[in-house]
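What follows is a set of structures to go through.
Each of the next two complexes has chain A plus one other chain: chain B in the first, chain C in the second.
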Partner chain A sequence: MLHYIFNPRSIAIVGASENPLKMGNHVLVSLIEGGYAGKIYPVNPKYDYLLNLKAYPSVETIPDQVDLTVVIVPREQVVQVMEECGRKGVKGAIVIGAGFREAYLCDGDKYHNELAKVTKKYGIKVIGPNTFGVVNLHASLNASFTPAFSKLKAGNIALVAQSGGVCHTIMPYALKYGIGFSKVLSIGNRLNVDFPEMLDYLLTDEDTRSIAIYVEGVDDPRRLMDAARRVVPHKPIVVYKVGRFSKADVASLSHTGSLAGDYMLYDAAFRQVGIIQADDCIELVSMAKALAYQPPARGNRVAVISLTAGPGMILAETCERMGLKLAEFSYKTKSRIDEIVPPMTMRHNPVDLGLLAAEGEKSGEVIKAVFEDECVDAVVIGYLYSWYGDFLKVPVQEVIECHKAHGKPVSVCLAYPEGVWDHLMKTLEENSIPTFPTNELAAKAIWSLVEYGRILRHKYGVSLG
Partner chain B sequence: MLHYIFNPRSIAIVGASENPLKMGNHVLVSLIEGGYAGKIYPVNPKYDYLLNLKAYPSVETIPDQVDLTVVIVPREQVVQVMEECGRKGVKGAIVIGAGFREAYLCDGDKYHNELAKVTKKYGIKVIGPNTFGVVNLHASLNASFTPAFSKLKAGNIALVAQSGGVCHTIMPYALKYGIGFSKVLSIGNRLNVDFPEMLDYLLTDEDTRSIAIYVEGVDDPRRLMDAARRVVPHKPIVVYKVGRFSKADVASLSHTGSLAGDYMLYDAAFRQVGIIQADDCIELVSMAKALAYQPPARGNRVAVISLTAGPGMILAETCERMGLKLAEFSYKTKSRIDEIVPPMTMRHNPVDLGLLAAEGEKSGEVIKAVFEDECVDAVVIGYLYSWYGDFLKVPVQEVIECHKAHGKPVSVCLAYPEGVWDHLMKTLEENSIPTFPTNELAAKAIWSLVEYGRILRHKYGVSLG
Partner chain C sequence: MKDILKNALASGRRSLLLHEALKLCETYSIPVAKYGVANTLEQAVELGRRIGYPVVLKVISPDIAHKSDVGGVMVSIMNDDELQESYTRIHESVKKYLPNAMVIGVLVQEMVPTPIEVIVGLKRDRQFGPVIMFGLGGVFVEILKDVSFRICPIDKQDAMDMITEIKGYPILKGYRNIPSVDIQALADILLLVSRMALEEPVISEMDLNPIAVDGRCAKVLDARVLLKVDFTTCVDENPSIM
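Coming up: the complex of A and B.
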């Protein structure tokens, strides 16, 4: 049934409005400007037409099947709307308004329970209440109150947040750095679609290769763990969990209606089922990007290649801090590198390519030698825009070919002023090589690929060949 | 004497070239395109003119006083060039080439010692060797091999790195987010200008309000500590220290010629003198930005105000994790907030302004109440671009006025797609309110302001009123 929420053939917007001060207007604009190709039915008895679309007084008066209803009315009216949706045979609903379970001090539970009853009666799946909505970039569906989400690139990361704020924080960053998503949504109060339901749905979603979740607290951690056990062998999950401290717990209760709980328990649970943990929003989306692009590593021995020594040290240190091992190159690799790299620089991991900066071919040979080394499981590369014009040569093709030839995961820091290396980034990313604006993020990305490999091998007995 | 390196009236570029494959070309382009207003004297016996500038066969043949020489020649020739500079009365030099102390396996020490001798003989201050150069944005001076540094905004952060790579990583990020600098440089091998000399210089530099340093390892930590003790009471120092792990130590030795050393010792030393520590490049520059803009806090009780609850939790949790206390609002403040904020949201720290999103004036009243509370020492605010058009009102003027009226530090997360809130960010930053693209960075920024206040009060006996 979740299929109809993400791929509806027709949508009713209850509470649609032409008043730009109303959320019912924002959702309508999101759908229209987002380029949604299905039927849009604004519902509002005050209008005959809304933004050039015929409006209806109620869901039941729409002369067509309705797959999805977006509900933007005060909480007192939601149950009645849902009754109508039920009679109409609507399959899914997005309930944007707040005032339900999270408003436990203000009768929120009453409204929550009534809504739960009616949606159960009709078998309607609900995203929310207390959500900004749902975005499916592969279907040009922006059923949210923020039209700007339509600008995001279609890609293969599914972002499922307990709070819409996190999606709104990640969105501008993702736009700046061209990160692509399959689905973006907040599940808010999780009336009957919670993390487990979303994970099971995304497991079979062809557009999704990695799943990023933002968790404040869950009611039944065991259900989440069971779902994760079904999903993780096939698709990686990264989590950013908030609510590790006392005060934040209270905040969570009055937010999406759940106690954030003891972080130690979550930490143990996540480790047990192999959910990879990130420490902030940017790490969350960076790791998810690496995992959407690249295969897991077969071991934890990482090679660090950088244009200059400082970033090489930062890459190496970040990898070691995350628990990776700097690979000890084979004698053969060391000899090959010594033949190519001029003396006076670091060379045997980290490898400093500074003196070969203008010689793309030689840099490429070094990269090839490193990828071919059987003592290397994963490669992280750091390039920074330096010097003048196109003096500096980034061996982009060699990186792509090496990755293809050896199947070893790789992540690349590509730090450059707007414009100058966009074409390099594009070529790398079109060939599934993830790029990052800092060395620290590139290192954490490669860690996530090593960690996912470890999880698959050790927790799920998956052979990575 | 360092004054002449950052504000030279005339510059000789030894090894200048018209060949875009040579660094001597890149430096010349940097100076010209950067808009340097002083005299530029290319030195290269092969040319009469270089990029329309008259070229000279040697430094001594320049018919003018030379304040600064940029040296881009092989290490074998550096000593001779420096002899000439000495006879000519040159006051400072930037030695870009490598192969000195860091190349300890390849006679590097020999070249280092010879260079040390000649520069001591003539009293020439040297940035480098093994540096990308020096940028003084207030003097339109880009004496580096990367012309793109001229695009940076002039501001009040001095960035002093042991490795130029870190400056090259931060530069694109700073361009994207409009972060301004006074000076940007790598001190490389630190022949006779090391961190202590730079700190003392920046202490009296009127364009510098905060100092960000990237450290791999130092030869004489006590000198650094002594310099920090002189500087920190007047200007905050933030450090990003790399070299905490074994392998990275070896890397550092073959990089800028120093053992990175035991991180625990550095950690203790930094704490002892009140140098604030960052965990990556972006944190380094974010904290330095906050410290350049805002006064230190008088205590550690922080108020969290956000547009929506999730980001409020992230802000609160990040603050608590860094050791801050969430302020317990006074009864008066709570009552004032209760009068303005509709029920059903978090309100007594964190404060969730979601239901007032479209009401800038009311949001401003809440912000005012929070700033006025005597139980609040610092304020962090999180706003995310949401909804459609200009429905959402960010109470920018109120934030500016409150900060001015109460002198309490404030940092703001302003996450928005390119363009839509540039004017808000500009207004805030022109009024010394630092903005950040994520809640985590805004929280870490406010932590740095609280931490600096603690350092001033507890370590240096400074009264903050």
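Coming up: the complex of A and C.
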């Protein structure tokens, strides 16, 4: 049934409006500007036409099957609208409005329960209440109140947040760095679609390769664990969980209606089922990107290659802090590197390519030697823009070829002024090599690939060859 | 439900007595230090000889939560004479500090050397249901909060993860000339406690503290088991976590 929420053939927008100060207008604009190809039916008895679309006085008067309804009406009217949707045979609904169980209102629970009852009666799946909406970038579907989400690149990360604000926080960063998503949504109060339902759905979703979730607290975390056990052997899950401190716990209850709970226990539960933990929103999408692009690592020995010493130190330091081992190169690899790189710099992990900055071919040979080493499970590379003109050669093709030849995961930091290396970044990313603006993120990304490999082997008995 | 738990519930108690808690551990094959319960001085001496000196004496009372605070624990008892003296002193001391405390008897327990102590805890969380905790004893758990948790039930891998995850793991693994402790024995205890959590929903909380561990074995020295206040109600409220 969730399929119809993400791939509706027709959508009714109840509470659609021509007033740009109303959310009912924003949702309509999102759908139209986002290029949604299905039928859009604005519902509002006050209009005959809305933004050149024929408007209807109610869902039931729409002369067509309706797959999805977006509901943007005051909470007092939501149950009535849902009753109509039920009679109409609507399959899914997105309830934008707030004021349900999360609210400091004595009747919030009442509205929640009534809504639960009517949607159960008709078997309607609901995203929300208290959500900004749902975005499916592979279907040009932006059923949210923020048209800007349509600008996101279609990719393979599914972002499921308990909070719409977190999606909005991540969106500008994702736009800037070209991070692509399959689905983006907030599930808000989780009336009958909670994290477990979303995880099970995304497991079957062909456009999704990795799943990023932002969790405040859920009512039955054991269900989340069970769903994760079904999903993680096939698709990695990264979580950013708040609620470490008591204030956040109370805030969470009034935000999306569930206590954040004991953070230590969530931490334990995530470890237990192999959900990878991120410490902030940027880490969350960075790790999810690496996991969507790259295969998991077969072991925890990482090689660090950088253009200059400092970034190499940062990469190495971050890797070690995350629990990775700096690979001890084989004698053969060391000899090969020593033949190419002059003995004026770090050569045996981290490897400093500064002296070969202008010699792309030689840099490529070093990278090849590192990738070929049996003692290396993963490679992290840090390049920064320096000097002038075309002096500096970034061995992009070599990195791509090495990754393809050996199947070892790799992540790359490209630090550059806007514009100058966009083409390099594009080439790398088109070849499934994740790039990051900082060394720390590149290292954490490679850690997530090592960690996912460990989880697959260690918890799920998956052989990685 | 094990009889020990049934009996405690039947007599309206909300916790097990020390010897009952140890007995419960034994019924789950959790290794405990050798012990016996003495109701008289003669029985105490008899037990001391049978268990073998040195031994430890611990007062058993439903009214005493912190035994050592009221002089209810005597250690390093080497022979019959010392045992008689300690036995008398425990009774006197308890009478002095807590004159109304009901004393059920005195636990005579094998004195196990404790170079390394760990603790295993069990509690029922509102959201997660039964959860299990592992940590190094004493200052490590109390001050540094160096503990790991898992959600029950756990498997062998989870048990090993719990042990290796704590910061103090190198202490267990051995350092300098100190050999590794019996990590498998600790993992086994974790698995058994996890099983107990699922099979005995009446237990609301349990602490095995301390557990003495060395290179050859692990033994529970003290145990605290709390029972749910109104067991049947609790089951109805939270059927999913049973």
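Before moving on, here are some points about what is shown:
We adopt the following convention: the second predicted complex is superposed on the first by the 463 of 465 C-alpha atoms of A that agree within 3 Å, B and C clash if a C-alpha of one lies under 4 Å from a C-alpha of the other, contacts with A are read in each partner's own complex, and residues count from 1 in each chain.
Everything below uses one rule, namely that a residue touches a chain if its C-beta (ideal position, glycine included) is under 8 Å from a C-beta of that chain, and two chains touch if they have at least 3 such contacts.
All values derive from a computational prediction rather than experimental measurement.
Of the two partner chains placed by superposition, only chain B is touched by A:G164; chain C is not. Residue by residue along chain A, chain B and chain C are tallied for touches, and B comes out ahead.
By the touch criterion stated above, A:M322 is placed in contact with neither chain B nor chain C.
Shared-chain residue A:P350: touches chain B; no touch with chain C.
In the overlay built on the shared chain, the residue A:L53 is in contact with neither chain B nor chain C. In the overlay built on the shared chain, the residue A:K459 is in contact with chain C alone; chain B does not reach it. Of the two partner chains placed around the shared chain by superposition, chain B is the only one that A:I282 touches, whereas chain C remains out of contact. Once chain A of one complex is fitted onto chain A of the other, the partner contacts of A:M225 are limited to chain C, with no touch recorded for chain B.
Of the two partner chains placed around the shared chain by superposition, chain C is the only one that A:A268 touches, whereas chain B remains out of contact.
Residues 217-222, 225, 259, 261-262, 264-265, 267-269, 271-272, 458-459 of chain A are the ones touching chain C in the complex.
Considering their complex, residues 125-129, 131, 148-151, 154, 157-158, 161, 165, 240-241 of chain C touch chain A.
Every residue of chain B that touches chain A in the complex is listed here, in rising order: 20-21, 23, 25-26, 29-30, 98-99, 102-103, 105-106, 108, 132, 145-148, 151, 161-166, 168-169, 171-173, 175-176, 214, 216, 242-248, 251-252, 254-256, 260, 280-282, 306-314, 316-318, 320-321, 326, 343-346, 349-350, 352, 354, 358, 382, 384-389, 391, 413, 415-418, 420, 437-440.
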